[in-house]
Amino acid sequence: MKKNNFLHKHQKTLAPLLSLVLIILITASVTPGFLSIRMVDGHLFGSLLDILHRATPTALVALGMAVVIGTRGIDLSVGAVIAISGAVTAVLTVNTDWPVWVVILCALGTGMLCGLWNGILVSVFNIQPIVATLILMVAGRGIAQMITEGQIVTFHSDVLDAIGNGYFLAFPIRVWIAIGMIVLTVLVMRKTALGLFIEAVGANVRASRLVGIEARLLVLSAYVFSGLCAAMSGIILAADIRGADANNAGLWLELDAILAVVLAGASLAGGRIYLLLTIVGVLIIQTLTTAILTSGLPAQYNLVVKATIILAVLLVQSPKTRQWLSDFFMKKKHAENSRTGNPDTGKGSIEP
Amino acid sequence: MINERNLPILATLLVFILLYGFGMYEYKGFRDTLVFSNLLTDNAFLIITAIGMTFVILSGGIDLSVGSMIAFIGVLMAYLITSTGMHPLFAIGIALVVGVAFGAIMGVIIAFFEIQAFIVTLAGMFLFRGLAYLINLDAVPIDHPFITGLYDIYVPLPGRGGLTFIAMAMLVLLALGILLARRTRFGMSVYALGGDSHSAALLGVPVKKTIIKIYALSGFYSAMSGVIFAIYTGSAYPLAAVGVELDAIAAVVIGGTLLTGGVGYVFGTFLGGMIQGIIQTLITFDGSLNSWWTKLAVGGLLLFFILLQKGIVVWVKKRSAA
Amino acid sequence: MKSLSIRPSLPWLGAFKRKAVLTTFSVLLPVLSASAMAADLTIGFSQIGSESGWRTSETESIKAEAERRGYDLKFSDAQQKQENQIKAVRSFIAQGVDGILLAPVVETGWDQVLKEAQRAKIPVVLIDRGVAADPSLYLTKVASDFKEEGALAASWLAAKTNGRCNIVELQGSVGSSAAIDRKTGFDSVISNFPNMTITRSQSGSFTRAGGKEVMESFLKAEGGAKNICALFAHNDDMALGAILAMKEAGVKPTKDILVVSIDAVPDIFKAMADGEANATIELNPHLGGPAFDAILAAQDGKKVDKWIKANGPLYLPDTAAAEYAKRK
Amino acid sequence: MSQLVNETLMVKETVEAAQSAVRPLLEIKHLSKSFTGVQALNDVSLEIQQGEIRALLGENGAGKSTLIKVLTGVYPRDNGEILLDGSLISASDSGHAQRLGISTVYQEVNLIPTMSVMENLTLQHQEKTFGLISWKKAEIRARELLAQVGLDIDPLRQLDTYSIAIQQLVAIARALSTQAKMLILDEPTASLDSDEIKQLFNLMARLKSEGLGIIFVTHFLDQVYSITDSITVLRNGECIGTFKTAELSRSDLVSHMVGKSLEDLAPTAHDHSIKRERTELLQLNNVGKQRYLQPLDLNIAAGEIVGVAGLLGSGRTELCELAYGSVKPDQGEVTLSNHSLTKSSLRRAIQVGMGYCPEDRKQDGIVAELSVRENMILALQASKGWWSPISMAEQQKLVEEMIQRLAIKTPDMDKPIGELSGGNQQKVILARWLITHPALLILDEPTRGIDIGAHHEIIQIIKELCEQGMGLLVASSELEELVMFAHRVVVMKDHHKVSELHGDEVSEQAILRTIAS
């Protein structure tokens, strides 16, 4: 009984986690060695590690996206922001003697500026988020190309290499960075009232205003945060290939990020957000990608497989499906009850 | 008296005229009717897609699968014509039915499983592109005389311009869209759903049925757009129309339809598509922008346009209040 | 045959009118052509986009060539979309340019717009790849042959390994003609060698990040470099990404796995000079000169070949350092 | 398919019904409905005749709305039968119910705000020419329907440009448009003023004479006695009984509804004087805003309740909003306990002791998705700022206290507030402000749409707060309620203050006289 209660209360949490485990298990049964992890040169090595390693940029972007979606917004420009911050990182590393931390700060600052721009359009000019961020989505890659002058700018920096591909305590450094960022965000959202305010504003902006929450500033900062996350992701992606590819870096990543947030059970109509489950959503998507790559499936099947599995996960997770299932079992129970006889508690109307 | 609901569409019209006027003033070649008829022909498939999208957005939903649908339908059609030797009319018929069916399936998932449209159609976007790859990886020419014949139908206009079959098909589909939206119960149900879906249900609007119909209709329009695109290029290509969903959404929004649903007009979408076309034509006529400046210019004009539209609406509201 | 002067006779004019128009034209012709000579050529250039470093250098090269010759180059970036390219070509026709350079994003679907250009008597030169249309519709194509590039890579690999090799392949974007043709060319050669097989083939979407991610998964799936003898990448960027993946997995490129790719971008020469790549095949980006020459020749009524081949050579590490210095 | 069968059956049945007029119009037999674990309706049976107006009464949670929703097919029923005109019906959704002849008007206007009045009136029933909707015919039809409810408005304008009252009448006009046999009015009078209510009652009387059966749900007992023929009382999902209105005394009725005798509920004799020394709290000095509210003065002292009376649209809500600061005045000064608030933010206003329960609870009050706890601490937390969070332990303590103090019925404090009943939602909103310990609390229609029990409790709370020294500004359309607790009443009319009644001047008659003058 108690166990049932637990399941009932955590249905929302369990569904994405179970989906993830299931996908990993199925892949492992198809691809031998998928689960094996060994130590190579003092760090862990294996497909599962690859998933973590590859998931970090998407995870960071999804983190920012979750906060933006919480305010009833959406940020389509993150892919472009990734390209811009990557370009800034590369060009500054190549063309200046600035210490690497200054370069990184500049790249992060650029990302936040982009977020600020989106935020101003959304909260000051009241432009619908999807349109407001579409502008930077279109123009952003242009800006990135302008910075790199259309070339893939390759650079070399030990610190950036470490960020892209280094290890610390047997785990990739970028995974540590992502974990740090996630923990920090969860702490800020849950240990201060910021999370509450963002959810309140997202769910009912009028009521929030009347209790004295300054929605405008809050929404603005959500976009700045999303810009910051995208910039971190951009630096990691550039460091990964030691070059800034203005055209392709983070292409369509916004869709993966949004997908992850929704897989975590959030509504695009604002309100409740689930940061940790969003990361689970990211892992589902990345596991799928890595699994397809290692399975040896011909390239043209990738999209069909990915789409089918995502649809399946969504359908399984849908509260409606759960409701139907429970209705089905309830009816069965009910049918049994009525067969055993359920006495009617008849009570006639009292006519005066 | 300017109705509040008509304001955004009037702003769009004004911007369209301003942009066109600017082009005529700046470039001699722009004054020819050829530019206008090119606009109609070149943006036909985008506008057709966007008309379907208008219904979806009016109902408060979104359909990201349209671009992939265009490619998938094109490839399917080419396969039917070139590999099975089917007459193009049958192939078009089958392709349209498939498009409507896939749209309806997405509608069923959205309506009955209550999964958000953004996500369902995102999966659809991956799926249709993937299916296109499965049918054919390569670009295939469709050189059936029927298809090329359609392309050559042509009603000349004064000047060098002329109304092509594609432009006429688009205008017919536009008229159909306008009628559907404003003169049928289905259309009214769409507006009601976007205005307040809860109330709509209580007012007797068959919500689930309408949602399924909306996505089926969007499937029809994007399949139609796939057919038009195949006629336009005389070929099919699994990578065709990547990102058209965003262009279509932009056309709808520029046309004055609220993304939250309930307010907007199909004709506005037509103007929105034409404005995007004009922006591209102006950039090509200028011809001095390099790749990244093109992107910046498109983004900048989009921003300029949205702010201008917003400004006009605010200004008129203020004036009418005074 | 000079530029602006000749327009297609308008279809709605009667026959008698057409005669009148022709007379007018024949009077105007010398005047207009003289002015056209004086004002130099206006050329429209419909480029695919700027998706790779190679593409950008092609654009820059053509722009520089036009500037050197004093032509007015109308440049249009299609952002990887065929529909945008068609729009651009039609706009060029509406504008009345003297010639059009078209770098088609895909091979099919150009018949209609080429016919329109022909009706407007505007010569079209195809740049860096062909189209599946009647050759009479365009003036010429200045391009290398993707299939040949693939075949060249395969031949080199076959020679290097004596026809014994397990190859992993990094394909370009699914459905792109460069990817399809390079794969076809490559496959056609290795099919002659029973001991050469492609053990894994996946799309890296022509990007470094894609190349790196896919190579990582290849290495995992094949249990390191033991079972892989060579990597064939459809472009240099993917090869450069894959080289990073190898190094991180403790695999030595060129020693453990041979690396051959296509494009000859500067960075691959650096990699070759550093001993991390084996061979690259040049895809020549300097196509502006031959293209403009062809338009001029056509104006003078000379016959132009339908395919001006611009295939590049295969480069090996021995000249890499020098080439890198030259191209940087 | 089954729908078709039903409809053909119905045609047959109508003929039969005409032959035997004694058969009840609507019969509900042994109806039951439960939601996961909660029995919302338990074996409810009732009959309604043609031309009968039946009041359906009960406290919140008694099962009224569930009964209506089962009738109209929004919820499927678990057990029981529904017969209309003698034939079994089973509506699959509210559209189907309408086609069967059961139309409903809900408390919250359920029309489409973004569509025109005409479109709303004719939605799903537009006449067509050549298969297309004829807007010309639709407009004529819309004007007819509007005339039927005595409205003279432009049907082409967007619905949300009209007041809630007009929207409600439009909804009634729509419900009548479908050849209804049964009309269900679910608290239609909540946002109507007395003239409009009179208009509605005339309409109901006429419909009754035309043979319609009407189910009328309301909280206003006066209205029950002035218009209904009979009363059905529900309590905890069970039918307590059906009575002839003329034969049931008010005290008996209330006893049936709450399940206890009226003595517990009777208002104590009220006193309009303040017993303490006057310390001024809120001062409005010539505060006004163009096209919104004429400039006015108003003072409220500690321990004083100032009522705001006036018809709908007279400026009651506008006064509350300007006083609170959610709408900024363009002239005049607002001060609270000597802090000038004319230009300051709402957060600042809350920090110096302002609180505001808005009229529209759903839109402006609750954050439906958030829990009771989160909703309750929202204002306090907002005034503290995001960086100094209230600890979970403290939150739980505060919320627990308030749930006890205001007797809020919720299974636990982490339940989403949207799932609570209206009265309990209102209490949570009240609690939201009480935990900020405001000096001045502004309440706009604090008892709207709340059942009698909760109504009484909220009035008790208001009185207690006043005794503790809080100043209150209460806007209400219920004069009876204002007179019960207000020390002073400001009467509004046409967006300006026409009069201020003090002490013993405060009476329902006096207020009405002022409004009418």
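By letter and in written order, the chains are A, B, C and D; residue numbering begins at 1 in each of them.
Here, a residue touches a chain if its C-beta (ideal position, glycine included) is under 8 Å from a C-beta of that chain, and two chains touch if they have at least 3 such contacts.
Keep in mind the model is a prediction, meaning the values are calculated, not measured.
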Chain pair with more C-beta contacts, A-D versus B-C: B-C
If you average the Cα atoms per chain, which one ends up farthest from chain D? C
How many Å are there between the centre of chain C and the centre of chain D, using C-alpha atoms for each centre? 71
Please work out the Cα centroid separation of chain B and chain C, and write it as a whole number of Å. 31
Chain A and chain D: spacing of chain centres that average the CA atoms, whole Å: 42
If you average the CA atoms of chain B and of chain D, how far apart do the two points sit, in angstrom? 44
Please set out, as single numbers or ranges, the residues of chain B touching at least two other chains. 133, 137, 290-292, 294-295
Two or more other chains are touched by the chain C residues 49-50, 56, 59, 174
Residues of chain D that touch two or more other chains: which are they? none
Touching pairs of chains in this structure are A-B, A-C, A-D, B-C, B-D
Interface with chain C, chain B side, in the complex: residues 27, 29-30, 32, 34-35, 38, 41-42, 45-46, 133, 137-141, 143, 148, 151, 154, 156, 160, 162, 229, 232-243, 277, 280-281, 283-292, 294-295
Footprint of chain A on chain B - complex, ascending: 109, 112-116, 118-120, 122-127, 129-131, 133-134, 137, 246, 249-250, 253, 258-260, 290-296, 298-300, 302-303, 306-307, 310
Along chain A, where are the residues that touch chain B in the complex? 76, 121, 125-128, 130-132, 134-146, 150, 255, 258-259, 262, 267-268, 300-308, 310-311, 314-315, 318-321
Which of the residues in chain A end up touching chain D in this complex? 191-194, 196-197, 199-200, 203-204, 206-214, 271-272, 344-352
Please name which positions on chain A make contact with chain C in the complex. 31, 33, 40-41, 45-47, 50, 54, 145, 149-152, 154, 165, 237, 240-243, 245, 247-249, 251, 290, 293-296, 298-300, 302
